[in-house]
Structures are given as structure tokens and as C-alpha cells.
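Look at the two complexes coming up: chain A is in both, with chain B in one and chain C in the other.
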Partner chain A sequence: MPRWVTRIAVLAGVILAWEMGVRLYGNPQRFPYPSAVATALVRDLGSGRLVVAVVQSLSRVLLAFFFAAATGIVVGVAIAVFRPLDRALSPIIDSLRSIAPIVWIPMAVLWFGITGRAAIFIVAYAAVFPIILNTSEAVRRLDRRLFDAALTLGAGPATLVVRVILRGAMPTIIVGARVAMGFAWASIIAAELAMGIKLGEGAQISIGLGQLMVNTLYVERDLNGLVGYMLTIGLIAILIDLVMRQFHRLALPAGAIP
Partner chain B sequence: MTDSIRIEDVSKTYVSPRTGERVEALRGINLTIQSHEFVAIVGPSGCGKSTLLALVAGLLKPTSGRIFFDGVTVSRPGPERGVLFQDYALFPWLTVQDNVEFGPRARSIAAEERRRISQELIRLVGLCGFEDKYPSELSGGMRQRCALARMLANEPKVWLMDEPFAAVDLQTRMLLQQELLRLWGDDREILSRRPVMFVTHGIEEAVFLADRVLVLGRRPGRIKATIEIDLDRPRPPHRNSPATGALVERIWRLIRDEAAEAIADE
Partner chain C sequence: MNKNAASRVVKHSLALRRGKSALRALPWELVLSLAVLGLLWQLASDAVANRILLPSPGLVLASLWQLLGSDLPADIAASLRHLAIGYFIGTSVGFVLALVAAASRLADALLDPLVELLRPISGIAWIPIAIAILGISEAVPIFLIAYVAVFPIFLNTLAGIRAVDRRLIAAAEVLGAGSAMIQVRVILPAALPMILAGVRLSLGVSWMTLIAAELIGADSGLGWRSFWYEQFFSTHNTMAIILTVGVLGYLLDSCVRLLQRSLTGWSRDLREAR
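Let's turn to the complex of A and B:
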């Protein structure tokens, strides 16, 4: 029997057992079940609110990721090239890195209010460290003879940075970006969940996936819709990783790296 | 003949990053290299011969003394002083052709002209058909040919070569030596030749290639002797003439004791 047949059989068995278990013995008020999850998903896709929330969350992630990548690459290259800067900044970076992004939520809310910008801050914070660390490590590992070669071939500072340092470090930077993107997607949901929605207090915020979940749980009390969103979040995480893997492949032409 | 490189009373002291100890790599070097002259530098390990080359390249700064190239003080690396590195230092993410075009591109030469330069040089060093290969796909000898073409693409006014053939096998090395002489202009009139500083461990290589061999001593690195190689050019491909043998023997005697010391130190 091919492997996929076993896998599908097991998966179907688990779903069936779940459905039967909740229907026969469970309380549907407290436990979601597959057929109702499917119905809720179809409903939310049809109404368009799931798509709107996904677009909202993703655009926050992309904006935050852009900030994190720009900052992380600049800082990473700088501390790899200038040792004194490394000695000065590394303790700070390591301390900040050990503070989990969601711990910053109260501070972010204080600074930015319950807004999309607070969520963007949290996500950028989560994403910036893997990019800094991978960039600096990659640049440190580059063969310094290549810098010498570039300089003796007439390269100025800009050419050296772009065509040697960044190009040479790019495969590892993209590995960092891939990790960062995973962190970013996890923390946008966390940030949106934690900030939730405040209705009627004039705190206008466009609804991302996390906020949609809070609304679904506390306002609509729709457990099955909630599980539908959880599945969507997982699916998007997989898609993001696939896209990042393609970028990684692009940075590694055949035979370019021994 | 005019002076191309003038080294005036140059010393170089390092602080070892491991031990914090001060190491005197070179002391009181005085040297002039003329416009069409091939100078080889030999000496035991640790005599500072590669340091001397890096100083002329502008990759290191002298602790004291001055270095002039065409009458101008050397303060930084520049494309008019081409460098060939022992470990090739090819960009692993660029193809042969893009490696060769790196210099012209850094100097903002138009794409068409770059292409013309790289194709001509790739043909000259015998890498036709390998334009789109990456360095990792080439043999050691081919990598060094690629590095040579990359250096020549800037039409440097002087060639600085740091043990360029040390990492290739003996037969490849002998072929590369002949090709180097051909590219340099061994069989052409003297005015077409560039000044060369060629650092090597190989005494026979030095005698085969150079017009003049400098013998460096160690601790501190200093010039112990200068040997004129008055063999005819073009140099014949067979190398074991009595005259060559005598020169090699003479240089070896100058180095032998210190070479043994260097080995004992390691």
C-alpha cells in the first residue's frame, strides 16, 4: 500500500472519530466539530470577511517585515564589519532578543494605541533579530580575501557593500528572512489577539485575523468559525514558507556554492 | 628605463591578534622596480614577502617609510595595481565571465565593452567554453587562469602576484609559468612588458620567470641579496641548463639555513 493511502486513511479516521465523538458524547457549545467547521469556513469565505482579514494581517506583516529587513540588514552588516560597533551593540541586541515580542504589547499599546501600528511594531520586533543575526554571521564568514580582491579591482565602498558583502551573504540572509517571516506571522496573530477589538470607544482599527478571532469567540461565540481561522493561519504559514524557500533557491544558482 | 615602484625604508610591525605580541614583519626595505622588469621575491616562510606585496597593493599600510607607484604615494588599493592571489579569491557566486568583468564593471565600463574585454581575455587564458561555469566547477589551474584574466581585465600598470601557482600541481604550474611569460611579453620587445612583483616559494620558478630575484631573510624580514638573472629571453621551455642550475643553487644556499629555522619554528 503506498504511503499516501495510509496517511489519508489515518487523517480521515481522526476526522471521523472527532465528528462522532463530539456528536455522540460532547457538548457542541464547548467543542467544535469538523462538519460545522467546514460550514463556517464556507460561510466566511463567501461573506468575504475572512479574505479581508487575511489581507489586512498579511499587509501588516509585509510592512513590518520590510522595516525589519531594512534595519536588520544594515545593523547586521555594520556589526560584522566594524568590531567596536559589535562589541558595543551585541549585549544590547542579545538582551532585547531574549524579551519575547508579545511582552512588548503593553508598551506598544501605550505608544501607538490600539492600532495597526502597534501590531506592526510587535511584528517588526519579532522579525528583526533573526535577520540581524543571520546577516552578521554570514558577513563574518565571508572570505576577507574577496574584499581585498574587490578593492584591488577598483571597487568603491558601494560596489564592495552591494556586489560583494550583500551578495556573498545573501543566501544566509534569506535563511534568516525565512525564520523571520515565520516569527512575523506567529506574532501578528498574537498581537492582534492580545489587542482585540474595542468597540464604541472610538479606537478604530481595521480587523485582522487575530481580531476576527477575538470577535468570533467573545461576540459571536462561534467555536467552529474559530477553528476555521486556526486552519487558515496554519495554511498561510505553510504558503509563506514555500514562497521564502523559492527566494532562497533563487539566491543559489546551480553550482554557485561549493 | 624608469622607476615604476619605489619602496623607501619601509618597515611593517604587526600586533599579533592571538598573543598581543609585536611582530616585526619587515625592516628597512629599500627597493626600486623598473617599468618593464620582472622581479621575483623568494625567502623562507615568515620573511614577510607576502606582506611586502600587500603593502605595494595598498591592502596594508607601512608602519614607517613610503611606497611610490609612478611617483605617487600608495595609500589604498587601486585598479592600476593588479593583484593575483594564491587562493584565487574568485567570487564564488559569479561565473567565469562575470568574475572577469568585475573590474571593468566596478569602473563603470559599458556592458558591450566589458563583454568584448572578457571574451578576449577568456580566449587568451584558454578558458573558452567555460564562460558560464562557476569557480567551484573549475580545476585549480583553471581557477588561476580565470583570476589572471580578471586581473588583466583592468589593464593594470603593474602585476602583483602572491604565490599564484602554489596551489596547483607541478605540471599545471609549469604550463601556467610559460603562459604567464607569454602574456607578459617574454617574446616581445621590452617596452610592451609590465613591471611584475612575483612572490614565490619556488626558487626554480623565480629563476625561470624573473629578470631579478630578491632574497628575503626573516626576523625581521629584510632584503638579504639581489640576484640578476641574465638568461636570454624568450626563456626556453626546457629549464635545466647549467646556468639556471648554478643560479638556483646560489639562491638556495642563501635561504637554506633560515628555511630550516622556519620549519623548526612551526
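Let's turn to the complex of A and C:
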């Protein structure tokens, strides 16, 4: 029996057991169950608010990721190329990295207000460290002979950075970016949840997936809707990972085994 | 005798030199870079000139010292309790499930799709439903940590057991070892580096999730406290909590790394990874 057949059979069994369990023994008012989750998902997709919230959250993630990638690649290349800078910055990077991103939320709200920008700060903070670490590691491992060859052929500093350093380090940088995107997607939900729960409905400017969950929890009290959003979050995490894998494959030099 | 003495002298001088260079290499860079960071922070807070927006490093350190004498120990204890309970449940469940999945094809076929379904759903996505069912309480962070800690341990233990060299097991069988002995003396030690890597991954994810879960869905612990101070605009206390979170996160990771080094220092992968 092929793998996917067992997988689907097992999942179907679990869904069936869950549905029967809640209907026969549980309280459908207090516990979510599959058919109601499906109904809620169809309803939210039909009204369009799920799509709007996902687009809002994803655009925040992309913007934050752009900041994180720009900063992370510059810092990563710099500390890989200049040893003294590495020795000076590494302890700072390590200590900042140990701080869970979400605990910055109170400060971010203070600095950036209750708009989406506080969430973007949190996401960029979560995403920047894997990119810095992977970039510096990749650049350090580049073959010295590539530099010598490029210099011999008359490459200037700009060519060296773009065509040798960045091009050579790109596959590993993208591995870091893949980890960073995973962190970013989890943190945007955390940041939006925190802002929604701690600061109340009136403060919302534009609703992301996290804030939509807060609304569903406190205003509508719809657990089935919540489970639908959780499944959406998982599905988007899978899609993001697939896209990043594709980028990684594209960045590999021709003929390399992924 | 002579040779012995000579080698002892060499060893001694090597140790001396190593000690000296460690003294020379380690603290200065740390001290210098922290001093620069502190200076930049001080300059920034002077420029902002608003102790609510950006308290100065001196003020933050002073409030850290003051909090250590009042609320902070209880908050740290609460966070560590959430972490310990959730982490213990999560890693035990993950470990046992991995043993079961490694032993039985049926269990593996049942567990694999569930893990693949649940794993992409981050712990944080569970916070609203955890609040709905458990209420705002310390049950929320404990549940979430148990949830996120399961996956790295499960996957790493399973992969570690599957990667054990068959020849080791065959050799033990030839030498007359029973199946229980093979499990305990051959398979587990050989899988230990992978398992400990899972322990470390789990702990990292758990720490991040702990702070998020406390901040959003609990009424105790460091994460909750950071926002609590914020509501009274005592930003210096919030910053002191942020510092504490960083230091504790670093210490926790160092503990696991120490464990890795002392238990599986023989593993080549680990030595290369260092």
C-alpha cells in the first residue's frame, strides 16, 4: 500500500473518531468538531474575511522579511569578511538572539504604536538571526581560490561582493531564510494575538489573522472558526516552506545535488 | 622518569599558556562590545530624553537589581515551573511515541500522518483555543510547551534509532545480548547524540513559546509580567524583564550544550558542529 493511502486513511479515521466522539459523548457547544469546522471555514472563505486577514498577515511577514534579509545579509557578510568586527559583534548578536522576540512586544508597541508596524518589528527581529548566522557561515566557507581567481581576472570590489560572495553563499543563505520564514510566520501570529488581546478591539487598525482569531475568541466565541484558522495557519506554513525549498533549488549551482 | 618529568613540564606550560590565552581572548571582546552597546544605548536614551520611551541602561540595571529583591524571583520561578512541567510532559510523550513508532510498523503508520498534520501548526496558533478551553491561566503555557516540545524529540529520537549501525546490533547479538540489553546498551547510546540534539531544539522552541504563551494567555511568569509593567508605563521594569529573558534563555541553552558535550563528546558530528 503506498504511503499516501495509509496517510489519508489514518487522517480520515481520526476525523471520523473526533466527530463521533464530540457528537456522542462531548458537548458540541464547548468543543469544536470536524463538520462544524468545515462549515465555519466555508463561511469565512465565502465572506472573504479570511482571505483579507491572510493577505494582511502575509504582507506584514514579507515586509518584515525584506528588512530582516537586507540587514541580515549585510551584517552576515561584514562579520564574515572582517574578523575584528566579528569578534566585536558576535557577543552582542548572541545575547540579542537569546531574547525571545515576542517579549519585545511591549516596547515595540511603545515605539511603533498599535499599528501593524509593531508586529513588523517583532517579525523582523525573529527572522534576522538565522539569516545573519547562515550568511556569515556560508561566506566563511567559500573557497579562497574563488577570490583569487576573480581578483586575477580583474574583478573590482563590487563584482567580488555580488558575483563571488553573494552568488557563492546564496544556497546557504536561503537555507537560513527558510528557517527565518518559519519563525516569521509563527511570530506574526503571536504579535497580532498579543496586540489584539492586550490592547482590545478598538485599537485595531487593520485585521491580520491573529487579530481575527482574537475577535473569533472573544466576540464571536466560535471555537470551530478558531480550529479552521489553525488549519489555515498550518497550510500556509507548508506552502511557505515549499516556496523556500524551490528558491533553494534555484540558487544551487547547475549540476549540484539538492 | 626523566621523560615523565619533561612531559609534565610541557603539559604544565601548555596549560599555563592555554589559561593565559583564554584570559586574554575571552572577556575583553565581550566587555568591550558590551561597553560599546551600553554606550550607544546611553547616547540613544540621552537623545530621546524620555525615560518611558527609552530608559537609560543605568536605570534598567538599577530596576533589575531592585526587582531581584521584590517580584522577579517569583516570576522567574513561575516561568521555570511552566517550562519544567510542560517540557517534561512533552519530551516524555515524544520520546515514548518515538520508541513505539520505532518498534512497530503499525504505530509508525498511525503516528506519521498525525505528526505531519500537526507539526506545521505552530504552538502559537493554539493559544486562542487553549484560552477558550483552559481559560487565562498557567495551564495555557504548560499545554503549549508540552505541545511544541513533542515534535523535535519525536523526530530526532526516531531518526536516531533508525540510523543506528546494523552491524553494532548484529555484533551484540552474536555476543549473546538479549533484546532488552540491545535496546538499552546498544541502540539508545548510539542514538543519544540525535536525541540530545532534539532535546536542545525542543528547549529552544519551548522557551520562545513559553514567553509568547505567558504574555498572551497566562496570569503569571516573565512574559505576562513584561506587559504588566508596560501598562503602568514602567518601561525600565519591562526592559529589566527583557534582559532577564535573554540571560535565562542563554543559560538554558548553555546547560543543554554542556550536557551534550559531557554525554556525547565522542560523537564526530557534534565535534564538527561545534
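Things worth noting here:
By our rule, the second predicted complex is superposed on the first by the 242 of 258 C-alpha atoms of A that agree within 3 Å, B and C clash if a C-alpha of one lies under 4 Å from a C-alpha of the other, contacts with A are read in each partner's own complex, and residues count from 1 in each chain.
Going forward, contacts are C-beta pairs under 8 Å (C-beta built on N, C-alpha and C of every residue); 3 or more make two chains touch, one makes a residue touch a chain.
Bear in mind that the values here come from a model prediction, so they are computed numbers and not experimental data.
By the touch criterion defined above, A:36 lies against neither chain B nor chain C after alignment on the C-alpha atoms of chain A. Of the two partner chains placed by the overlay, only chain C lies in contact with A:11; chain B stays clear of it. Judged by the touch definition given at the top, the superposed model places A:235 against chain C, while chain B stays out of reach.
Touched residues of chain A were counted for both chain B and chain C, and C has more of them. In the superposed pair of complexes, A:168 makes contact with chain B only, with no contact to chain C. When the shared chain is aligned, no partner comes close enough to touch A:128: not chain B, not chain C.
By the touch criterion defined above, A:68 lies against neither chain B nor chain C after alignment on the C-alpha atoms of chain A. Listing the residues of chain C that touch chain A in their complex gives 29-30, 32-34, 36-37, 52-53, 109-110, 112-114, 116-118, 120-129, 131-133, 207-208, 210-212, 215-217, 222-223, 226-227, 229-230, 235, 238-239, 241-242, 245-247, 249-250, 253. On chain A, the positions that touch chain C within their shared complex are 6-8, 10-11, 14, 30-32, 87-92, 94-96, 98-107, 109-111, 185-187, 189-190, 193-194, 197-198, 213-214, 216-217, 221, 223, 226-227, 229-231, 233-235, 237-238, 241.
Listing the residues of chain A that touch chain B in their complex gives 143, 145-146, 148-156, 159, 163-164, 167-168, 170, 253, 255-258.
For chain B in complex with chain A, the touching residues are 57-59, 76-79, 81-83, 85, 87, 89-93, 102-103, 106-107, 133-134, 136-137, 150-151, 154.
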